[in-house]
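Here's the structure, in structure tokens; my notes come after.
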């Protein structure tokens, strides 16, 4: 049964919420979520790429020969990644510095390639865009949530934008940040536990 | 055969279209990116070194070719006189180049300050070079002719504990900067004059 | 309706040697408790408070998880108490309550229960907890700083920290006897060498821990330290005896490395495992970043355990 | 009796019961009013049964359920068939229980007497498969059998049990003539008898090669004995028959001897009865006698939630009713008081390794049990030597977590066999 | 810096998986069985060294020379994707035995950010060609080592009585975190 | 700018060329399905599926190792596509659903205390499990552990419960269950399943000729799931409205509650559920398997034919139904009077069946308008003969054909035809009417006569009331309505007047002799006891047989070989397969058994459908293994049931006698919802051995 555009959009927010439901695209999830700001920034960048790639893949879906489709998709995706990279450098340089190596790696984020291949190459443009938006926003929210969790525990703050942040130690002056959470192992553990919580809610 | 040709053609067209597009975006953003880079990467270091200067060093900058690369020089105006220039040297660190902004008083040929701009060292260890004022302050007031080395290598800079490689790299970076300075001194003096006029 | 007598039916065998989990864990607790006494003697009430609070919260966390997970309540098997005790033995007496609480949470919940409880954990819960605490709050494990308020009649420096910062010259003042008798700065229950060895030997004799691991651990430390001393640049590295009696070495050898679930069961793997722990400990102490290497060394060997434990004798009639 | 030694590092030492120099005669259990036999085939609704309730039977008569089937049971008594009911045995075996009400006058079926003077494979197959000690039918029925060695177990494989030793001690001539008869009927040349050291002298006169067996459990496990005899290990998963060896109890051989010597199929089984205090007593009972008759005769009681075990403590099979009969291979009967029954726990393996060190077959029990508990039997067999297990039960015996390890192992073997059979049928 | 330090650093201290967070998807996907983990490790080593070399050449001799550094991402990924596909086809035809062992893992490498990440790191750190090769190899070995160790632990975890909501990926992630923590052992050793 | 363009251009050219050449040079053949499936996956090679890349996953699918739903990224559409590539054409693939047969769980008694591994298989290995019941659920939940989709959980009452929305039909639970309680079946398999010995069957379910899962639908009624109850019944019997009204419910005779108390009112509950559906005004949707392209001709639109057509249609075959009457329904339309089964109810029911897509042709008679050969020529793959038993047996006495004499079927049919406006043959109703016979047809005749205004209606039967084959309730109802009974009277001759009109019936009195083969005592005439009864109308309803006149027309053709019995019924060698001696002809119902119950015809229809399905799908047509056809599982029919507390059975609401004898409106009314719920509580939820003691 064909889904409506709304359904295509909403499925990314819960049913196929990345990276929890589709356990994909983990590298940026783990790498950049030391603060909520970074998480959301990364999520938005990915959403932009997803949107662009889904849109163009959907347009060209009938022209691209099957055997080189992966290469073609990758070129489309990579172009958007570079666009994001350049734009971010020009207009959000601080964020670019923090996200660093992970921006170019959006190109190998399997969510993007996966959506292009599994969805956009088979569906009409509006559906593809809805799909990209849904998945992208879901991804952004997940990253934001994970970033917020790690930040609040690991640093005692929640950065909303640059200097605009909430500081836990203003309420609990004796709070000692649980530094583990913002370190590499903490990222895995936090994601794993969040996944568990989501599974519990899902049931 | 037909299919093969189609494959090649599609791929080629797609690649070149994207190349063109990217080049266009690049052209459009180039200037802005440079500004941003200066502001965020080198800005803090320059501000640290040229603390108290009366001008905006980032705006007052000029470029000189040095060994096939363009180098930017930032001018600091102290006591009404543009006598300090800040520029970047680089040293090989453990995780790639470490960029060190060095400020030199062109009149006294003395280092007035150094600060790390870019690095990719292990967080928590080598990276402290950037945040550790104690370490970089050792460079202050050194003469440009002095050999700049860590104590282990017979110099007088005390290495940061547990980060010898980084410390060495910083020293190498300062030395590199001094080499540049000495090479380009005539041109620099020339340029500086323009600011003082 | 059916015959009134219902007999118990099961498959063979029908005998059991009477060993039990609770018995095992209580014996280990008993064997470990004496080693806490010097700590209490030295650090007073705070040490008692830390040990008691640690054991209590460990049991509490276990109970909470049992209830949430709707599983059989397992606090009776003594494992939670044991985890609490061992954790407290590693901590300095000045550890604040929230750190102990977090520590037992990490140990019992993250370290053990989420892996399905006793037997499922691939890593030693206590060590995992200590590792996480130490990377989160470095200050806590700076024994010198933590114990500033105390005034002892013996060397007032954490031996391993002294070694790290000052080199072998800095630790020349530590006497072996002091170290053996617990007259050194360190965790509540990890300083008194003689009592740790005594408890360990008891457990080895009763078969509650595996002697192969403990012995090879100590041998590994001894041999590596010796090699460093001989082949390293002169005066840079301290000798084996010092390493054996300081830090977490002894408690690690008898109580931590021998944790069942995260250590091998076959003979050769046990030797490799123990020796690996020892070697890595000395490497960390001498080359690495950390003052004491026992925690991370054992965690690393826990990680390797599933692979080395594949080395085993040929089974009867196995066709290769 | 069953306590871990203080020095826990040592392996468990469970010693076999060894028979006295002069054992007393076994106590005769008085005849019951009825006996129950198990036929190895299931009752089926569709087919016609050759037997029905009310049929008269004579002692020694062959009772066959279906035409064209080899399975039969031998009536140990004369009387009438009272009931035939389906019976589910261990591991999915479907059987038929035949209850015979014993009649006053003891009539003996004359068929066997006629052929007894000339032992042949055929008549052995026809009449001697349900002797006390139970002789493997395959030895007679498989015309292409390659069995070259017969291992006679003159040593009980389980603890506390004395039955086979008793047979060796007291029925040496019967064993000897049994061996002769078997030589004639099956053509097997090599006979080895495994006995405890103390019975070596007695065993020599049987004519078989005597193989003394150690006194520490599980030395008398046929697998371990065969390692010595063959000089090589039996590859895991292969049966004794694959190696050309058959294992039979001394009692079975003795029964064959008695049968041919006397022209009568023996119906009495020697068994060791172990009461709640661990005291063993030899008794002799007609096959099919309900256990409760033995309990009555010996003044024993089995209460609610006790455990009745047909066999010894390590390898026996617990039964659920006192009405369970003495079978041809019930060497021992044991009653365990509820207070001494070790409870099985639901703990996971804690990886303490006791089982690995106790295992005589070097099975990596700690890993195996994880796979079995997760239901991954195939992986357990492929990677963790399931088939090397000789089912001695020491792993369960020493398990700190009190896991039913051997139960899992046996279940896994059964399940795998079932799956293989199903697959074979499908192909 | 010597090659030995470089290798140690790339394998242990800066392990590409556990310290740099690259290549996590296949890390979780292919670590359920030891054989799979081994195959994946071998394939990554193979491709990463090749890709490291080729991208280094492309970067140094084309992108830098013609001031096209901003096209790095697209150039690298197209090179890697084509390379992987080429190698796969080549192995399948020419060395079927090797293909059986490694081939099926090759496609998974196109989207393995570890490969792309290693290439980017190589040029970022301005390694020489030989250094880039060595570093690529060491990164790949580090990836493989982590994967194999993880697979060993995971085989046991799959059999443990992990609570339902935590099963599989969730517990896998937590374990990966602990493994990353265990790799702290090597901190400061180089 | 230009460098960028050139660079990308050259990269495109190089990569494209290298790849396209390589794809030619290094071409290796592989199963085309692999690449096809790979194309359907997300091709992201993300590793999320656990396979090493999409190609490996595709290969695994082709080798049958992985499920079509392997790709986690691509979603359900891809899974459907992959299934299609694998030949699991979604058009023909029926969803498998898991069903739990035993709901006994822990109700059965224990024979021992178990102490072993907590697994069903483990316990089953010990003497078949600790429960006395040898078929019931062990309850350790091996199925729960086996289910990878969380679709099974152990419910609060200790037995597994399946969440159908989560079940994908993988069959893991079925394999895991040692007791064969959980069975994963497609709808077709469920429709075709006949009772077997090792099924867990309550006595009522064993006895029901249609094998309806009675405890299940009663339970569903209890849970207010009336639609579910309707579906449960409909899985076995499409005539739930009709059967709910006319079935003599043999099931209630074996009901365990009936042993100590009154039996559960099974049939009325069925009617309640059926009426619930009808009163809702909407047919519940009935699913059919995908079309198989096979065509079957069903001759006879009675219960057997319609039932067979219904099941064949649900199995995916196309069915053409032929009937000689103007409307479908056969005996239940023409033989059962309006007051027992209102025509509009029947109409609604038949509509529901035909809605499945069954084509019909009415007013065509076999042997006249078409014959078997023409059907074969028309390309039907199989033929079902459900021609019923429409030929009344004659008394073979003098005067049988006098004016005013009718046969039962003739009478009822003519009347029903006229009543429905399809004909205008009027039967004059006499004052003193006599009906000969003791079966249901006779009762129907007398009750119709009562309603038509006959002054005196008498039944003449040659045995006693006890031997009357008619339903007890029917006899009682007739009695209430004022019908007289002459037992032990054998008609001797009919006497007529000069106009040829019947005026009297002479009969012989009888007495009961020795029991005959059927166990009934044979009536023996008493010599010289001739008595004459005044009559002006006589209906003989002493039994019917099939009308096999069509066979004569087939003379000389192969269908002449169709074997019939000496009772003119069509001979099927095996009453279970219902296949005739001509392999593609099947039969059942009255045509095969002689006049019998409606529900027999319905059950037979399903049995025949099974055989036809087997025949059409090329499988051997064999009876069900371990069948318990027409017999009970030993040990399941109890002599006594413990712990029953008497609870009154729901009384069927009826129309008062005074009213009902004047009208053809339905005399028996449906249960009120609250009564039905109360009645459903009485069910003991029996399985094979255990019954629900709580409900007792």
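By written order: A, B, C, D, E and F. Residues from 1 in each chain.
Following the convention adopted for this analysis, a residue touches a chain if its C-beta (ideal position, glycine included) is under 8 Å from a C-beta of that chain, and two chains touch if they have at least 3 such contacts.
Predicted, not measured: the structure shown is a model, and the values here were computed from it.
Minimum number of contact steps separating subunit A from subunit E: 1.
Should one ask which of E-F and D-E has more C-beta pairs in contact, the pair is E-F. Spacing of subunit C relative to subunit F, judged by their CA centroids, is 70 angstrom. Here the spacing of subunit A and subunit F, counted between their Cα centres, is 56 Å. The mean-CA centres of subunit B and subunit F are about 89 angstrom from one another, to the nearest whole unit.
Inter-chain centre distance (subunit C to subunit E, centres taken as mean C-alpha positions): 34 Å.
Across the assembly, subunit B contributes 3, 7, 10-11, 14-15, 18-19, 22, 26, 125, 162 as residues in contact with two or more other chains. For subunit C, the set of residues touching two or more other chains reads 3, 6-11, 110, 114, 116-117, 119-120, 132, 135, 289. In subunit A, the residues touching two or more other chains are 23-24, 67-68, 70-71, 75, 78-79, 82, 86, 110, 113, 185, 189, 196, 203. Interchain contacts (touch definition given at top) occur between A-B, A-C, A-E, A-F, B-E, B-F, C-D, C-E, C-F, D-E, D-F, E-F. Only residues 69, 110, 113-117, 119-120, 122-123, 128, 131-132, 135, 280, 283-284, 287-290, 293, 296-297, 299-300, 302-307 of subunit C touch subunit E when the two sit together in their complex. For subunit D in complex with subunit C, the touching residues are 2-4, 6-10, 12, 90, 159, 223, 227, 233-238, 302-309, 311, 313-322, 334, 336, 338, 341-342, 344-354, 356-357, 360-364, 366-367, 385, 387-388, 390-391, 393, 396-402, 404, 406-407, 410-411. By the touch criterion given at the top, residues 23-27, 30-31, 70-71, 74-75, 78-79, 81-82, 85-86, 101, 104-105, 107-110, 113, 184-189, 191-193, 195-197, 199-200, 203 of subunit A touch subunit E in their complex.
For subunit A in complex with subunit B, the residues that touch the partner chain are 60, 63-65, 67-68, 71-72, 75-76, 78-79, 82-83, 86-87, 89-91, 93-94, 97.
Looking at the complex, you find that subunit E touches subunit D at residues 156, 158-161.
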